[in-house]
Amino acid sequence: MKILVGVKRVVDYNVRIQVKADGSGVATDGVKMSMNPFDEIAVEEALRIKEAGKADEVIAVTIGPKVCQEQLRTALAMGADRAIHVETDDDIQPLTGARILKALADKEEPKIVLLGKQAIDDDNNQTAQMLGALSHWPQATFASEVNIEGESAVVTREIDAGLEQLSVDLPAVISVDLRLNEPRYVKLPDIMKAKRKPIETITLGDLNVDAAASVKVLKTSTPAKRQAGIKVESVDELVTVLKEKGLI
Amino acid sequence: MSKVLVIAEHDGDQLNGSTARAVACASELGLDAVDVAVLAADGAVVADQAASLTGVSTVVLVQNPANEHAVAALLAPQIEALASDYSHVFAPSTTFGKDLMPRVAAHLGVPQISDIMRVESATVFDRPVYAGNAVVTVEAAEGIVIGTVRTASYAAVGQEGSASIETRELSVELPSHTRYVGLQTSGGSDRPDLQAAAKVVSGGRGVGSEENFSVIYKLADKLGAGVGASRAAVDAGFIPNDHQVGQTGKIIAPELYMAFGISGAIQHLAGIKDAGTIVAVNKDADAPIFEVADYGLVGDLFEVIDELEKAL
Amino acid sequence: MERESMEFDVVIVGAGPAGLSAACKLMQLAQEKDQELMVCVIEKGSEVGAHILSGAVLEPTAMNELFPDWKEKGAPLKTAVKGDDVYYLTNEKKGIKTPNFLVPKPMHNEGNYIVSMANVCRWLAEQAEALGVEIFPGFTASEVLFNDDGSVKGILTGDMGVAEDGSEKDGYMPGMELLAKQTIFAEGCRGHLGKQLMETFNLRDHVDPQHYGIGIKEIWSIEPEKHQEGLVVHTAGWPLDNHTEGGGFLYHMENNQVALGFIIALNYSNPHLSPFDEMQRWKLNPKISQYLEGGERIGYGARAVNKGGFQSVPKLSFPGGLLIGCDAGFLNGAKIKGNHTAMKTGMLAAETIIESIMAGDVASKELGLMDEKYKTSWVYDELHKTRNFGPALHKFGTLIGGSFAWLDQNIFAGKLPFTWHNTTPDHDTLKSANECEAPHYPKPDGKITFDKLSSVFLSSTNHEEDQPCHLKLTDPSIPIKHNLPLYDEPAQRYCPAGVYEVITDEDGQKKFQINGQNCVHCKTCDIKDPTQNITWVTPEGGGGPNYSNM
């Protein structure tokens, strides 16, 4: 059984982002880039499934410019067996990303596609669900526990109401949440070994997918700062205003 | 005629409050009608609740035993069938809407706009990116607009509506590959999870000690709130670090955030900037937390909590 | 405990200008001589450049030698210095422009480039990797490993996944031994291993103590009409008094950005002095604020620099290893530049190792050739010429000392036949708190001046929460028992990241609080603590600031 894991290169979560003065986006020059933290959890989960003897191969895939291979190398160093780089300089939106993953899934025939629930740059939270729809596969989003049982998986999902369990037939798409696992530290020898693992580079043309952006970003701006409110003089006054707003 | 369909979130008995917020956003589109879809096993009660939302024209009720639980793979094809009458389909950007709507969008072959926080026109929206540290203004593609609504950005509409309820039979084949197993709710006697809680009571170094934190827990339990803390309180050993709110802790967006004895370092504020209403209680009138608080009260936090408990 | 190990020919600790230049030069020479060479560089920052903080105006001398074709190769040296203003600030409101001929020669910047050293290092790392060097960011060198005969055999990388109480967390990964024939230490100023090595091998015998400064830097995005790409501004004088050495800089980089900062010598005597607040109020002088008004601060960081210069350079070789760059201390205080000398000494180390390999076995040997090479290099000449610059400022204050510096450099070209010494280490210079007046620092205005925590926020610093504190107190009672009454615990003020606090608990007891997560790895505490009670050790790899374009 194969597991396909999506890996996206994003601005590192520690970095305070800067919106460019001309509104054309967020500054990324000289900024630390990393694997999307949710994707790291997805890679870790794939490896754990493999290490539990329930999968034979973990394939990491990324979509983006050449530099994204750095993140594939990280996935390989963590333990992925091989990697696919869909190379493009275009801005890839979730629907396109899902179409690309669908094309790859058709080719590789994995039983599970593991994705982060969202990328911490555009925060869309769409790709896994879209891939589920396009492939007519089940989806289990926001996973905090994954149990593979033969031809199905029981997934615990972190939803607003609590923890929901779904049973899905394989193949399925699973998007992972923060509490699923703690990704491993990468070992130095594995980083060196990762440099020798294969990365297959393919183009959108090879997959017959059109990259055209469909949602147009008109401008990027800095969010409005919160304004100071009022000072209340007493607890009674506080209770009154909070009750008026229906907050207590 | 352009109309928007808002997909109702509910648990079978009760319409979720997020629906009324999504309706508020949908009402700003300036379209001919705002309809609400209730997909349920037995949805009469919820449909009635939806019909009372101000501004709603029609409630579309789809009843099917398969809809007993909200399973995206089962709901999506039904919404796809309903969508043909609409120019827009929205849902709240809760885990319900986030799970469901991209599946609908992909079925329809269109992109989705996630977390709409401002409507500029029927096709131009603001949405947050980079955890709310930037905002993008986006224009939807041609065709039906699928969107989720950031609930913290909209106040719920009132309940002065009287929409008609229209029951629809859909002949859609539903997949059998996804089965609901169960739900373990986070309600009950358990304190709600910090990240999911609608209310959060938080303490800082001003609380003074681990023992004193019990007053924070007590107030939280009284309010049904989650418990948070500033890094200073965590570093001082008053409370475990999984309660830490802020840049390196949890980033939360409760409807009500009450900060006691928290000075409001920028690292902490980064974690609460999306909160609905911020209440701050601090001895120091110059504490930076007051610069972002909707309601500030200068005073001794223990006295304030004491009075608050009596008032509740 | 049995640890995994890896063997290399050369292990380099630190991917800064010195370490990366050494790595590149090693591979270049090895290729020339047709030698197989395994070289690895380990770097505690989460990526190369993440912990690099420098002004910086780069003198391209060493770069020209290392990569004569650096322009074609796309090195990020893009902004040539076009103007060179020096101001003497007389007070909060006023500053006098110093006529060009009165400026000491080493402070002239024709032919130099305004750069982000972090980006130069990222570029050097690409070159090194292309030459076959293994670079491992996110790994610390926590300990030096010794052979039975006392020679250095390599380093131990830090354990990952250790909880605050020292227990092993899930996913715990023990450190690995990286073994090498020669280990090059290039940790930068006040490297924690370099410090131990100098002690173990008595490398500082017969030299002056190292002297330091703390540099605090910000990056601003300013209004385009105020931006003059290539303009370099230096200031002396206010807000420092005549007994405190230091000064400010403001460099106009590309993209309407300026890098600005303030350096204060760590031999200051007033324990109430706060370098951070001096830097903040310095920006209020119109000579500086004229550029900043209407702009936005986008970056913040701090780093200690060594400024002992010629008289403080230690012995560079010891059995099994070499010290290079700021780990040894080659900053030219008169030029306020150390990147070119750091790079050059890295290259000298590479030449030393390759020439010694060609002559025989180098494993755990002491390569005295390094010290010879230094003494015949332009680094030595340069530091020798400017050797009296720092001590003059120290001896006579900035006004008279500055005049001497001008005479010494512009008239005598550094050839006066004497050498002044400054033998008091920087941690020994504090007067008691009640002897000194506390400076009055204005409240931050949120526009030009800011508080410490919102500044630290912009350094993007982070440390895994649950790990042992990486700032060790030899005697935990000293801050409250000794430093507080005597010096009002100066750590509260010299730390530019708000790591140290004295807090009063419920019962009125004072407590010394260390917020290790805020640390930006500047090392000032390790240098300035009056009883040398604070030791900076490496936190879990990848922790610390994440500087962009610093």
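Letters are used for the chains, namely A, B and C, taken in the order the chains are written, and counting of residues starts over at 1 for each.
Criterion: a residue touches a chain if its C-beta (ideal position, glycine included) is under 8 Å from a C-beta of that chain, and two chains touch if they have at least 3 such contacts.
Nothing here was measured: the structure is a model prediction, and the numbers come from that model.
Peer 1: Measuring between Cα centroids, which chain is at the maximum distance from subunit A?
Peer 2: Farthest from subunit A by mean C-alpha position: C.
Peer 1: Which two chains does the highest number of contacting C-beta pairs join?
Peer 2: If you count contacting C-beta pairs, the leading pair is A-B.
Peer 1: Just how far, in Å, is the C-alpha centre of subunit B from the one of subunit A?
Peer 2: Between these chains, centre-to-centre, one finds 21 Å.
Peer 1: Counting in whole Å, what is the centre-to-centre distance of subunit B and subunit C, each centre being its mean C-alpha position?
Peer 2: 47
Peer 1: How many angstrom lie between the CA centroids of subunit A and subunit C, rounded to a whole number?
Peer 2: Centres of subunit A and subunit C (C-alpha means) sit 37 Å apart.
Peer 1: Out of subunit C, which residues touch more than one other chain, so two or more?
Peer 2: Within subunit C, the residues that touch at least two other chains are 457, 462.
Peer 1: Specify, in ascending order, the residues of subunit A that touch 2 or more different other chains.
Peer 2: Residue numbers touching two or more other chains: 16.
Peer 1: Per the contact definition, I'd like the list of subunit C residues that touch subunit B in the complex.
Peer 2: Residues of subunit C touching subunit B: 453-454, 456-457, 462, 465-466, 503, 505-506, 513, 515, 517.
Peer 1: Quick one: which bits of subunit A touch subunit B in the complex? Just the residue numbers, please.
Peer 2: For subunit A paired with subunit B, touching residues are 11, 16-17, 19, 26, 93-95, 98, 120-134, 136-142, 154, 157-169, 172, 214-223, 226-236, 238-239, 241-242, 245, 247-248.
Peer 1: How about subunit B: which of its residues touch subunit C in the complex?
Peer 2: 205, 208-209, 212, 231-232, 235-236, 241, 244, 247-248, 265-267, 270
Peer 1: Provide the residue numbers of subunit B that touch subunit A in the complex, in ascending order.
Peer 2: Checking each residue of subunit B against subunit A gives 11, 71-73, 76, 94-96, 98-107, 109-115, 124, 128-141, 175, 177-187, 196, 199, 223, 255-256, 269, 273, 276-279, 290-298, 304, 307-308, 311-312.
Peer 1: Which of the residues in subunit A end up touching subunit C in this complex?
Peer 2: Against subunit C, the touching part of subunit A is residues 12, 14-16, 18, 21, 27, 29-32, 34, 182-185, 187-189, 191-192.
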